[in-house]
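Presented sequentially are two complexes of chain A, the first with chain B as partner and the second with chain C.
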Partner chain A sequence: MGVIATSATVLAALGVGAALTWALERLFLQPRGEPGPAHTADLGRNLDIANSDRWLLPAGPVVALAGVALAMVVVPFGPDLIGRDLGIGVFYVIVVIDFVVLGVALAGWGADTPDSVEACYRIIAQLIAYVVPLGLAYVGVIMMARSLSTVAIVEAQSGLWFVVLQPIGFVLYLVTGLMQSYRAPFLEPFAVSIGGGVLGASGGWSALLWRIALAGVLFLVAAICAVLYLGGPNGPLLPGWAWMVVKTYGLMALMLWLGRAVRPLSTARMLELSWKILIPLGLLNVLLVGGIILLGIGPSRP
Partner chain B sequence: MSEAFEIVAFIISAFIAIAGALGMTTTMSMFRSGIFLMASFIGVAGLFILLTADLIGVLQIMMYIGGFLVMIVFMVMVMHDPGGAMMAGMDMAFVERWFSKGLVPREPPHSGHSGDMHGAHGQEHRAHRRDSHPMPQGKAGDHRSHSVHHDEHAGDDHQSMQDMDNSGHAGHAAHHGNDKNGMDMGGMDMSMVTPVRPAAAWLAGAIGVVLVSMLLLRPTWRVVNAMPDPDSARRVGHLLMEKYMVAFEGAGFLILIGIFGAVLLARPSSHPDDPSRAARVAVAEKPEPIADDGLVPLPVPDKQTEHKEHHRSDGHGA
Partner chain C sequence: MPGTSTSPILSDYGFVALVLVMTFGLALIAAGLFLRAPRQWISAPPAWAQFRFGFVNYALIFLAFDMEMIFMYPWAVVFADIGISAFLDMLVFIALLGAGITYAWGMGGLEWE
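Take a look at the complex of A and B:
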């Protein structure tokens, strides 16, 4: 039945994606690299934290992983390899990834240690920082593709990838995508100085779920970037899924490499960057894309 | 299949919506209260999606996750007891006890006759928690030792929580009766269990009955054959950009001006009101460098100025 096949596809994409992400990090980062996924947390033992909220703390990783898995549904990994082509595809992705923030906030408050509560505040601040410029990075693509569906966006790029037409939007997406996946310059919610935030309060199954969810967020952000700006599964010679995998992992490597090339930003600096630079840049991008569309460049109108 | 699936989805969504609302009104923790309200609205979003209004459903989820998280942060900043730790030891009705299950009751720092003693106890306790942080993080062993410390210092607190879980209020009250350090819980119970509460519950029940009866006794609704448009996003977009363009763009312009104003007015905070928070803010201003990233290291501030700063912030906190 469709539901079962969809669930199997999504879970397989999530599991394979998390494993490959783990391998990619081992290959491209030093062993003492930044604390992205919960690689310092002990998978072997559960933690019993005194004073923790016994409902919210375990709910955190489950909610986060559910968000990632739900968002994976609309990612087209090939011409027919998609969980479900929703009419509101990319908007659905923006919304459903928020569950990761909710999960971190729940677990951070629930663990009730100073560090994890600090992580809860920081991740909410990070949400405020990234959500508006990220939306603006999506808007340029949506304006050109004239649809919210991921499949329609891929089809609109069969002639020319949107990265050529909207380079500003692409850069904007890379920066906000790093914010959204909590990687190198924007890793304050999981910083070492606050003990990894919620990761310091996880162990056993919850550490495993955090590891999959946080690796999955990066994978998902890169996959959506490939769909929005690099034509998704389009490409010569190779089959669609192979192109999608190549593009996704190429983007993940690019994002991790770019992130390590700049100094990490504190939460306050990140908010400043977002509201003073990225949002005006996003509005400028929308304006430029509107002008390009009026000039008649871009995918032909139906 | 599809019919059964719809019914199951409806039951789940409706249950989430109603249980979330009930939890919101009855839990003792304000943080949980916000989360329950969020869950309730997500249940309503599920109902919207069942009615093939997927755009509105997803919009609802977006507004309520982001908005409520921010609202919860403001609530935590303003409220006295956002985690419900002080209220969790109170006399509670069954529903309240159930939705507050797992909250750890903690005594307020200055209460009752032995207020000073409690304050000292709390301070020492906090010092212990903070001490365990500079050690290598994320290791289970570390946390274990932390919780052992914790148990030594707050063994009776923890025990009282266990009692609560096992035997409810009776055990809790008995425990506090025996506890020589126990604060005067009676006064607190009286302050929270107001005589208005049963009346409020009855009023809410009566309003519910009126609303449901209005729904049952309504004149029959017209049944039409028109099917909802599956691509509602396109329809909404056309409406917003054609018929209601002036209102839509006006609202957008207003929000844009609001954003400009917020960016112009924003100032970095220089008044951390809590020494422990001041330490965190200092950390937040100098983020952790990535190991081996090949960048030129930042100039290290000399000890003298750092010490001074620390002193000043301490003075501020006291």
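Take a look at the complex of A and C:
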């Protein structure tokens, strides 16, 4: 495949993944619960906002979508079905996914309405809550796989999935993944009480881009979880991409279901949860995984 | 990429750049699709002012912890090859981190103000 065809395929995979995510989320919507962030943006009309910044406001959704699309490059959907196997794989994912936060912050500040500026502050607080425990969950996987590359991580799990060896890391990833994808219990930046935050200040094309980006980020978080803990495209009988899709949407359903079962947390409570429980747990997980590796359990040297 | 003489790093990140450019193209197409959509004027009071945000202490501690987490990545890649000495090194590092977070907690740093 040519380079251009491959990159178009990466974007198409993101689009299809986001659309399916949006459909799956509809199933989990509760009649009186808050809709997910991808469900409130109004596609019907373009908005002109009185004091908005000319460049920052439209830059927001583009930056967010770019972050999601870039992260999509390294997700393996099969032995050869991958945009590019960058050597720094998962580290690159951690970095580029955070562009979603940058996008929301840009648009929130740029729209210059009280609600959207509030959303800008809330999303930065959310970043401060999730990055460190999420990174610690990644570290455990990298220690066992001896590599940052997503392909190498999948290969290292050909014998045994890491979810069996690192259950604490898996739970840590699920919780921080919900924070990272702004789904229930952690949807403060897009809460109905502040009019959807940035989404309330978007309409028409920017609403469309927000929907793709915010559905795509949940899709990516679940896909990366499948790669890190469930062996990615490995599996019997079915082809790799089918396993990847099954695992991704299975994880997504699990995350949405678990998230809906908990009362939404305020930003302050979320920061407390992260720094007082998740980060100590993450440090403990790194030590435990190190001990397991020293005992000789885990994938053997290739 | 077979058949080319460019370095793998250049072709890999060239691909990343291409995806980036195509994303911008996608955004332009989306903007084009909605050119004729109805427009709505929203007037809201301006909000660019100095805010008192409640997570100042968290943000400062976060800066330190985020950098220290980055240091763990190269260590994690080579951990299994080096073995016990790498583990002991990291034990010291994590003990320091743990002491740091305990200190911040004890001083009331992990509070929403």
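Basically, the second predicted complex is superposed on the first by the 292 of 302 C-alpha atoms of A that agree within 3 Å, B and C clash if a C-alpha of one lies under 4 Å from a C-alpha of the other, contacts with A are read in each partner's own complex, and residues count from 1 in each chain.
Definition applied: a residue touches a chain if its C-beta (ideal position, glycine included) is under 8 Å from a C-beta of that chain, and two chains touch if they have at least 3 such contacts.
What you see is a predicted model; the values in this text were computed from it and never measured.
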{"item": "Superposition on chain A - do chain B and chain C clash or fit", "value": "clash"}
{"item": "Chain B versus chain C as contact partner of A:169, first or second or both or neither", "value": "neither"}
{"item": "Contacts of A:192 with chain B and chain C, given as first, second, both or neither", "value": "first"}
{"item": "Touching partner for A:139 - first (chain B), second (chain C), both, neither", "value": "second"}
{"item": "Contacts of A:95 with chain B and chain C, given as first, second, both or neither", "value": "first"}
{"item": "Partner chain(s) touched by A:73 [first = chain B, second = chain C, both, neither]", "value": "second"}
{"item": "Touching partner for A:240 - first (chain B), second (chain C), both, neither", "value": "neither"}
{"item": "First, second, both or neither for A:11, with chain B first and chain C second", "value": "second"}
{"item": "First, second, both or neither for A:62, with chain B first and chain C second", "value": "second"}
{"item": "Which of chain B and chain C A:208 touches, first, second, both or neither", "value": "second"}
{"item": "Residues on chain A lying within both footprints (that of chain B and that of chain C)", "value": "3, 44-51, 86, 91, 109, 112-115, 121, 124, 128, 131-132, 147-148, 201, 203, 267-268, 275-276, 279"}
{"item": "Chain C-facing residues of chain A, complex", "value": "3-4, 6-8, 10-11, 44-51, 61-62, 65-66, 69-70, 72-73, 83-84, 86, 91, 109, 112-117, 121, 124-125, 128-129, 131-132, 135-136, 139-140, 142-144, 146-148, 201, 203-205, 208-209, 267-268, 271-272, 275-276, 279-280, 283, 286-287, 290-291, 293-294, 298, 301"}
{"item": "Residues of chain B defined as touching chain A within the complex", "value": "1, 5, 29, 31-32, 35, 38, 54-55, 58-59, 61-62, 65-66, 69-70, 72-73, 83, 101-104, 106, 129-130, 133, 137-140, 143-144, 147, 150-151, 154, 158, 230-234, 259, 262-263, 266, 268, 276, 280, 283-293, 295, 298"}
{"item": "Complex contacts: residues of chain C adjacent to chain A", "value": "1, 12-16, 18-20, 22-24, 26-27, 30-31, 33-34, 37-48, 51, 53-55, 58-59, 61-62, 65-66, 69-70, 72-73, 76-81, 83-84, 87, 90-91, 94, 97-98, 101, 105, 110, 112"}
{"item": "Complex interface listing, chain A residues touching chain B", "value": "1, 3, 30, 32-34, 38, 40-42, 44-56, 86-88, 91-92, 94-96, 98-99, 101-102, 105-106, 109, 112-115, 118, 121-122, 124, 127-128, 131-132, 147-148, 184, 187-188, 191-196, 199-201, 203, 260-269, 275-276, 279"}
